[in-house]
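First chain A sits with chain B, and in the next complex the same chain sits with chain C.
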Partner chain A sequence: MEKEPILTVKDLSVSFHMYDTGLEQYDLKVISNLNLDVCPGEIVAIAGSSGSGKSLLAHAVMGLLPGNAAMSGEISYRGRVLSQKDKEKLRGKEMALVPQSVAYLDPLMKVEAQVRGSKPDRERIAAQREIFKRFHLDEKTEKLYPFQLSGGMARRVLVSTAVISGAELIIADEPTPGLDLEMALEALKVFRELADEGKAVVLITHDIDLAFHIADRIAVFYAGTTVEITEAEDFRKGPEALRHPYSKALWEALPQNGFKPIAGFQPYAKYLPEGCLFSPRCPYKTKECEQEIPMREVRGGYVRCIHAD
Partner chain B sequence: MKKMHVLKFTGRYLVRVVTLLIAVSIISFILVSASPVDPVQQYVGAVPNVSEEQRENIAEYWGLNDPPLERFLAWGNSILHGDFGTSLIYRRPVLDIIKEKFAASLALMLTAWLFSGLIGFGIGCAMGIFNGKWLDKILKKICLVMCSIPTFWIGIVFLMFFSVKLGWFPMGMSVPKGVPADEVTILQRIHHLVLPALTLSFLSFANVALHTREKLVDVLESDYVLFAKARGESRFSILKRHGFRNILLPAVTMQFGSFSELFGGSVLAESVFSYPGLGAAAAAAGMGSDIPLLLGITLFSALFVFAGNMLANIIYGIVDPQIKEGYKNESYGS
Partner chain C sequence: MRIEAKNISFRYGAKSPWILQDVSLSIEEGERVGLVGPSGYGKSTLIRIMAGYLRPQKGEILLDGKPLPRKGISPVQLIYQHPEKAINPRWKMKKVLQESGMYRDEVMEALGIEKDWLERYPRELSGGELQRFCVARSLFHGTHFLFADEMSTMLDVITQAQIWNLMLKEVEERRLGLLMVTHNKELAKKICDREIRLEEINSKDL
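Showing the complex of A and B:
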């Protein structure tokens, strides 16, 4: 896959300006030195536990971070570094977000108006009908209000908004919460189809199992950074093919692979350790782990660990 | 199906209003019975030379010596027949007075109500849109100050400033003095209406503004606005399509739910401006121990507030699809 990446995230850090007790203020670094790229025609899954900064990455790319957030690093689209203005111009046209749940639809507005957008011309209406048909949403659906949609319908409506925009980059933020593997795969078939049409899909999920069934590549998140970026194939092969101790631990924690948990917990953004963020839980920890750990290439994938080979 | 639904809806409200009025009449009857006001003394008033025996006869004639339940039923019975009795201070049927005074009050309350609703909503929206900016901060402080100002005080201040000092508006009453009733122009009426209406609207418009602001800020921080931004909607489009749509409903509801405050405020505002409305009549009835009028106004105000709340509910049902569809489903189920 020697294609030009459509989205490149380089050294992204996001921090929030917070108030502590009294007048004390501090910056909470929730994403640190994150790297990622996505090419047309592929699905990159971002997997990690809750609180690892997955959704924030999506918001940073779309320019949706709240006012008290500060961002550093580069986010480029088709090789061009994006400013906040650029993101505002591109979102809804070149990049689209598929949110998690029906709560992201205006409760007082019919579905059709929300999918068509603020300027519905005849073409747009026709496109919306076409897309609804494609996702097996019957004609009555467009006249419904969000609260009348079933979970599955809501999900398809949300995906429709991304498809109608014609965006080349689709970021899906936890599109399958609470579904079992089979149902989730069914729901994710849409994204596979979109990727096969040449779109780039970023699939944010905490479900690693799901990620390696559907994605081409997987980026493993831990405490706000990427610890490993690998072909999904390596996850299917097992821990020997994986590079980072956290990825291996994730694999072993899956029910079908022994259900083995590891000790400790993901550090809260306020109390991040020095150097490798995983080091407090890592069995291979040495003195060198306390320095800054760069991302490096190992066996065709990328890993943020000095001990990987 | 639809007819059934409407019937059920109306029936439910009828039951509610009847039980409410019964409860209000029982409570006010008990309160009046327990009060130290002697109806005979009030009726006789300052007329001298009324002997003990004559007083006894009046009391007997009115049935004041009957047990309370009997008296209540007798009173309730005449109310049901549309006889609210005769006002002691106006010496006319209570119902006529309520009708006449309410017509005067309605103009006042309606103006104040529209004024506070529209201005409050407008200011609230401005604050919500500029959330955290200097405009929001200044307006918010003004609103908070205004919230804590009592109606009668601001009324007196208005009088002192606009009427006494500047002489822009008349000192009180609803029409100019010494002009025959049929020669009073509409402009003169409006001229007399401005200050009391302004005073009355001061009661609620800061409140409306603060509520609207809170709601708009919530909406603009909601997930669905975030998603609308992600779909490329502009700031203006988001306000127009999602912002106003979602705050209009609570604003309207609150406005109709504020009838009780409006009525309460009119008692004070009308007293300060000697405006001859229902509020002033209520105050006069209370001060003059005019029990028939007081009871009549009590029942009427209960009905008035009930009407406001009912309108709020109905409007909610019509405008909010979640409730509208809910009602539909309910009637399918039954």
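Showing the complex of A and C:
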């Protein structure tokens, strides 16, 4: 794609300063050397293990990391590197987040006020009603408080908020859990339409089988870094088209593709291995894997593996 | 053993709309049942009632014809979608297992629990790792029925396959009854031998 990316993440690392017992302290590196870009008109889906830093990336972009987090690397919006102040100015207007947990709704505020934002004009209210209709949320839902919503209803309310925000960049952090298939597909269709209007969408999801069909590219995360970035097409084709052993393992673990998990666990951030972070679980591991592994181009995609071909 | 929900009606407040009306179903030990239906139809509410966490306004839950025991460890165990909300954040994982009497080598081996996780606090483990502990403590020897409410929705597909494969092995060996809520049709196909559609047995007006 020749367009200028809306969002560029370059060499991002995030660590948390933690207290151990007593006064002992340590740094926990949860994201290391992460790269990603998203262009207008594009959906990039982020797949990967639980605890691989997917949500943290979203929070880093939005400037929502907690006080004990330290960040290095660059996050740029339309070619301009963002400071914390810039992020605070842009979020909610140019950049919108669909948060992962339904606990992000204000418990003391009715649904309609949260979705419309402060001082809504007639257009906004109309947009809110329209998106609610699409998501099968009836008019009574507007007057409810968050505790009166089911998990799936709250999820649809969160998605609605970002959709009518008019933002150019939307990061949706797990927008589909709790939604039945029909509703999940509807939510993804809404994101597709936003992208087709020229907006950029980052879709963080475990429902990768749904994401393959809607996204343009897939970024695979493991232990806080990108291990593969590829056209979504390659995931539709199957493991032979994929490059990283972890991407192949994801595909093969889907219930419809055999339901066969690889053994082992993602390493805990405190005890990361040297070199390739996937090497403890990898059948192709060699001595060379213990060095730092850069991303490189293989068959039109990018992969962080020296054995991929 | 058999667990039965008999003519269950439930609403969250005296003026709130009914969530469930006159719902009945039964599950035998050894069966693997999927509870499906659109979101907001009361799947989670029903499964909480059947596990004894909520009391219905009308109807009853019967275990071999008798009400669920109100004291002691329940033979019906529920596993939630969010393991981090189901585990005491101030306990080390070892204590979590000890509490349920499941601090045993064969349990940890069967569920793939690593030794060095035991000295960590819940916040130092990922969702998939924590969920193994929730499954482990629900599998104590007095358990006859396991209920799983979107147990693997927040997990990546590899962890999902790991946990379900381990759990199915236990369920088969011990002939436990399983009731699971999921929106993932492919997952339900793989796990269940019967499906209950809540919209067909719930007589509330929609």
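Structural remarks
Criterion: the second predicted complex is superposed on the first by the 272 of 309 C-alpha atoms of A that agree within 3 Å, B and C clash if a C-alpha of one lies under 4 Å from a C-alpha of the other, contacts with A are read in each partner's own complex, and residues count from 1 in each chain.
Keep in mind that, in the parts below, a residue touches a chain if its C-beta (ideal position, glycine included) is under 8 Å from a C-beta of that chain, and two chains touch if they have at least 3 such contacts.
Because the structure is predicted, anything quoted here is derived from the model rather than measured.
In the superposition on chain A, contact is made by A:Y104 with chain B only, not with chain C. When the shared chain is aligned, no partner comes close enough to touch A:P40: not chain B, not chain C. Judged by the touch definition given at the top, the superposed model places A:G117 against chain B, while chain C stays out of reach. In the superposed pair of complexes, A:P245 makes contact with neither chain B nor chain C. Comparing chain C and chain B on the residues of chain A they touch gives the larger count to C.
Contacts of A:P177 after superposition on the shared chain: chain C is touched, whereas chain B is not. Common to the chain B and chain C interfaces on chain A are residues 148. Residue ranges of chain B in contact with chain A, taken from their complex: 223-224, 226-234, 237, 241-242, 245-246, 249, 320-322, 325.
Per the touch definition, chain A reaches chain C in the complex via residues 47-52, 148, 150-153, 155, 174, 177-184, 206-209, 249-250, 253-256, 259-263, 265-266, 268, 270.
On the side of chain C, the complex with chain A involves touching residues 12, 16, 37-40, 44, 81, 112, 114, 120, 124-129, 150, 153-162, 164-165, 183-187, 189-190.
Chain contact summary for the complex, chain A toward chain B: residues 62, 64, 88, 91-93, 96-97, 99, 103-109, 113-114, 117-118, 145, 147-148, 161, 165.
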